[in-house]
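Structures for review follow.
Shared between the two complexes below is chain A, which pairs with chain B and chain C, respectively.
Then we have the complex of A and B:
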């Protein structure tokens, strides 16, 4: 028995060896290389060891501070809005006997099939100064003067947040909907008999029941937002004046747009690594407490 | 009172649907308008469709880009399915302590931000002389811990008796995988294929770094560079956007069930 088990275990290694090696080669090895690079500085491939020089530069780099601020702003404003919207829509779509359910679900999910580059450029065109969105707001007498959306630091961030919310709300909604469909309808019936309002039912039954999925979507959204790149590059290219630039874009610019400094770019990238690790730790703590 | 609540509910969902669908209508209308009409917010169909199409095909390597995108997405997807399903199968069917440890370790890669590995990857591929090739785009993304996890999760519901029956019939361990596991798990492969294809088709950051000459570029790169030119022609851009969006919209409508299953498959 023991011998047979060993043999089958050995055969099992044949299936996992190559894929594991590829992940080690294309993820873990670069991670280590990046760490080593973060102690070097120089132009292009010529670089020298500078110890913690890059890290002290990081602390006093106003551009890094701006990128970090923007990235965290997107995270704390956009993710909660999107997850809450997704929850409400899923809750409405989960009502029995709702008419046109299939249409609503498909329509709200459809943004998820667009490529990040394409929808970003669609948003850029809709938020032009003389564009359709200003025209709409002016016809509805919400504003009198057109807003220069992408030329204004605050409005440009609003457009980016609105765009990301448009693209991903339906995606999160599908996760919630599938979780809500697993809730036993009799729970709601019992609550109704006890006189709990629909509003109350949403907060006291629905949300606690789908909490693990909310945590899951919060983790993927956080991870995605910390790595935000495609949208910002294609809607504002970081402008006006770096006011929308994210950390990923800053790393890209340091490596491939400005005079390349791979060492310092690697240092900046380790800032994201640390943030991801800290947030993952916090989220796992929150998730772990329940169990 | 109930009636008002119901109207409110529908009103909310109708507004959400209009907001969701509006950019699609905008892009389809945009294909038929001139750039200046689009930027001025013209909301009706125009007569510039033919001109936009011929300008796009004359002025940019959009045909090449479509072929490049297709080659990268298809080969990438096939590789991902083979490698990740084999790994998921191996980790689950031939479970052992060391394999569990290795898998747990591999999962760490899901937390590595791409921005942190792209510079060493770039240097690696430039040393190997593989920059500016489809291989450079495909190789780093072909094996992901996420997809291995996806197959592993789905393998939990694979009926093991089938393997035993196959052994009795004299199949060796690799034949069990290719002749019994693969055909049985077709729905899982379909779901995985859809999400992988979409991710490959839409990938932007790594191809932007790895591909340098215009004739090698993929659709997202061409669309992005059209839009970031000094004087962008939005009529042309809208056609390019529709060309790059159409395949994924089609896949979604034709294979909606597998699509959603693929998305949800990892949280089962």
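Then we have the complex of A and C:
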């Protein structure tokens, strides 16, 4: 066996060795540790082994159910809207006769470079009771009384969804745009000659061609939404009631706001892991039939 | 050959550095542990963590100046960090069992006291047998620091509440100072309705996502979200029932301007949109930010709940100083705090004059500093009033699960405000809370 390893592959393995060691140390080791931790429960450092106690608690925890419900709601409403918007915008930016392409591209991508906390605070002040958004709507005579956006469970969720969409659409758009630029223009030419409408071209050529990228963005967006934290904490702090609280915020609360129960917090983290894995598996099954 | 040698060398070097990173705990810890270094050097230096440098940090520096008069070689380093950062850092350090790198002195928000002491036993220094005379402090502050008959820190600032009001707006609506003395919350709402009708101004603000008001109401009747035994205190608790009834009444009456955050809350009275603010004494600084409103403010006692045990005084916030038990300078830190914040009237006089902070050290209340009048508040001797009210604040046990209980309440609050059956909602809250703290 040793004889078959030639010099260059040996060098290759040497290079792999170090990152593998680092991944083992900084990624897998904490994962295993937190898995062990998820079988313990207690207050801060005073904890004891409870076996599957945390997991059975999780199943009957109304706070967790509420957080899960909110998170899934963001997921099924926000991710499709954002990805579809991203596709449309990418498609528009990909039009060969569009002027000021660079400007639009930058403008749409720009929200992505803002800090999560600062844009959240901006959204919070925009949607305050006497914020700019209410003033705008009142001046346009669309509403007569200011809407207390962040105090109504439904509107608060709408604001969160609007905020995340604003922040992340440009990010996904860039992926689509680069994928679309790799589509051979002759395919569109042929389609035009065959009499396919622009609409038809978009759905029958563009979308199938960028499908792997759509799958990729769907998985990372799902993952990102399940870990949603900054926006909710800064815009509504989970309120009103706990109607916008996400799972990540619940984990934070369990560890840092409440009497710390790190064991149970680890259990909730593992719930996210399982959900992400299941969702990614489903998406792969649906989206990537060939491979 | 040369290549191979080079790559082997690189890998070896990288491996070595990783291993070094794993094994270098000791050196890192020493670097982080400024306290350890200072004792070796012989100088007497303690490190403290606190938030708000112009208030809490300032207090420590005043204390250090006083202490230095008799101990000239004493030094203090105040590390400023935000309250959330500090709490997170403390939590993660203690949970990891790493006490190196932690300071000698740490500021703790009162509702967190029981939580920390119970979650990390043996971490904080026990002051029970120290030289501090706790009978000189307001009882409710000492109660907050007591866990299993041991006292774990030095009481610091208080948040005794008052009813701040705009004299100009209220007199326009036909109310004088006497009309606001020792009123009930129902009277407050009635006054608010008249104010709203005659001046168009809101009486107060309301933020269903913030528990400040419910906390003030509960403590004014000597009650809290949880019992001293850390059980939910929602069902069969007249103070809780009355608190939520009043809260809903304020919300329903239309006298409260809805706000969603701290800056909006402060903005509402700085811009003159609301006529009154019920808040802790530390709110004075924010109120005085609106310089154009000078002379138009006054402060009356907090409205009371109309039940047995309801008084016209309550508390909002406040913090205490802890010393870490494993700190190398534990004795020095305890002695320093005990001699200044734990028993120096001079400290509290300077703290009030220089930082606007009110403590709970009773001997300082009779000092000249506490008798000063404020031009902003129409020459009222506000601090004398606040300290007088502070002696009436009912002592309560904040328990371990305040935040859990608040969140359980928050979960039901929207439906309570929408008119759901209160008894049923309270039962739901109790159940949710018990689910949370198992």
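Basically, the second predicted complex is superposed on the first by the 269 of 291 C-alpha atoms of A that agree within 3 Å, B and C clash if a C-alpha of one lies under 4 Å from a C-alpha of the other, contacts with A are read in each partner's own complex, and residues count from 1 in each chain.
Just so it is clear, a contact is a pair of C-beta atoms (placed from the backbone, for glycine too) under 8 Å apart; a residue touches a chain by one contact, two chains touch by 3 or more.
Since we're looking at a predicted model, the values are computed, not measured.
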| said: Quick check on the superposed pair: does A:31 touch chain B, chain C, both, or neither? Answer first, second, both or neither. | reply: first
| query | Which of the two, chain B or chain C, is in touch with more residues of chain A? | reply | B
| request: Could you look at A:14 and tell me whether it touches chain B, chain C, both or neither (first, second, both, neither)? | output: both
| First (chain B), second (chain C), both or neither: which does A:239 touch? | second
| said: Output check: A:110 vs chain B and chain C. Expected answer is one of first, second, both, neither. What do you get? | reply: first
| request: Considering only touches as defined above, state whether A:22 meets chain B (first), chain C (second), both or neither. | output: both
| message | Per the contact definition in the header, classify A:170: touching chain B only (first), chain C only (second), both, or neither. | response | first
| task | With the two complexes superposed on chain A, say which partner A:204 touches: chain B (first), chain C (second), both, or neither. | result | neither
| task | Quick one: classify A:192 as touching chain B (first), chain C (second), both or neither. | result | neither
| query | Which holds for A:56: it touches chain B only (first), chain C only (second), both, or neither? | reply | neither
| task | Touching chain B in one complex and chain C in the other: list those residues of chain A. | result | 11, 14-15, 18, 22, 45, 124-125, 128, 130, 237, 255-256, 262
| request: Can you check the complex and tell me which residues of chain A touch chain B? | output: 8-9, 11-16, 18-20, 22-23, 26-31, 33-34, 37, 45, 88-89, 92-93, 95, 98-100, 103-104, 106-108, 110-111, 113-119, 121-126, 128, 130-136, 166, 170-171, 174-175, 178, 198, 213, 216, 223, 226-227, 229-230, 233-234, 237, 247-248, 251-252, 255-256, 262, 265-266, 269-270, 272-273, 276-277, 280
| request: Could you please specify the touching residues of chain C with respect to chain A in the complex? | output: 3-4, 7-8, 11, 14-15, 18, 22, 84, 87-88, 91, 94-95, 97, 115-116, 118-121, 208-209, 257-261, 263-264, 400-401, 403-404, 407, 410-415, 432, 435-438
| note | Within their complex, chain B touches chain A through residues 5, 9-10, 12-13, 16-17, 19-21, 23-24, 26-27, 30, 38-43, 83-84, 86-87, 89-91, 93-96, 99, 102-103, 106, 108-109, 111-124, 139-140, 142-145, 148, 173-174, 177, 198, 201-202, 204-205, 209, 219-220, 223-224, 227-228, 234, 237-238, 241, 244-245, 248-249, 251-252, 256, 260, 263-264, 267
| Contacting residues of chain A [partner chain C, same complex] | 7, 10-11, 14-15, 17-18, 21-22, 25, 43-46, 57, 60-63, 66, 124-125, 128-130, 148-151, 153, 236-237, 239-243, 253, 255-260, 262
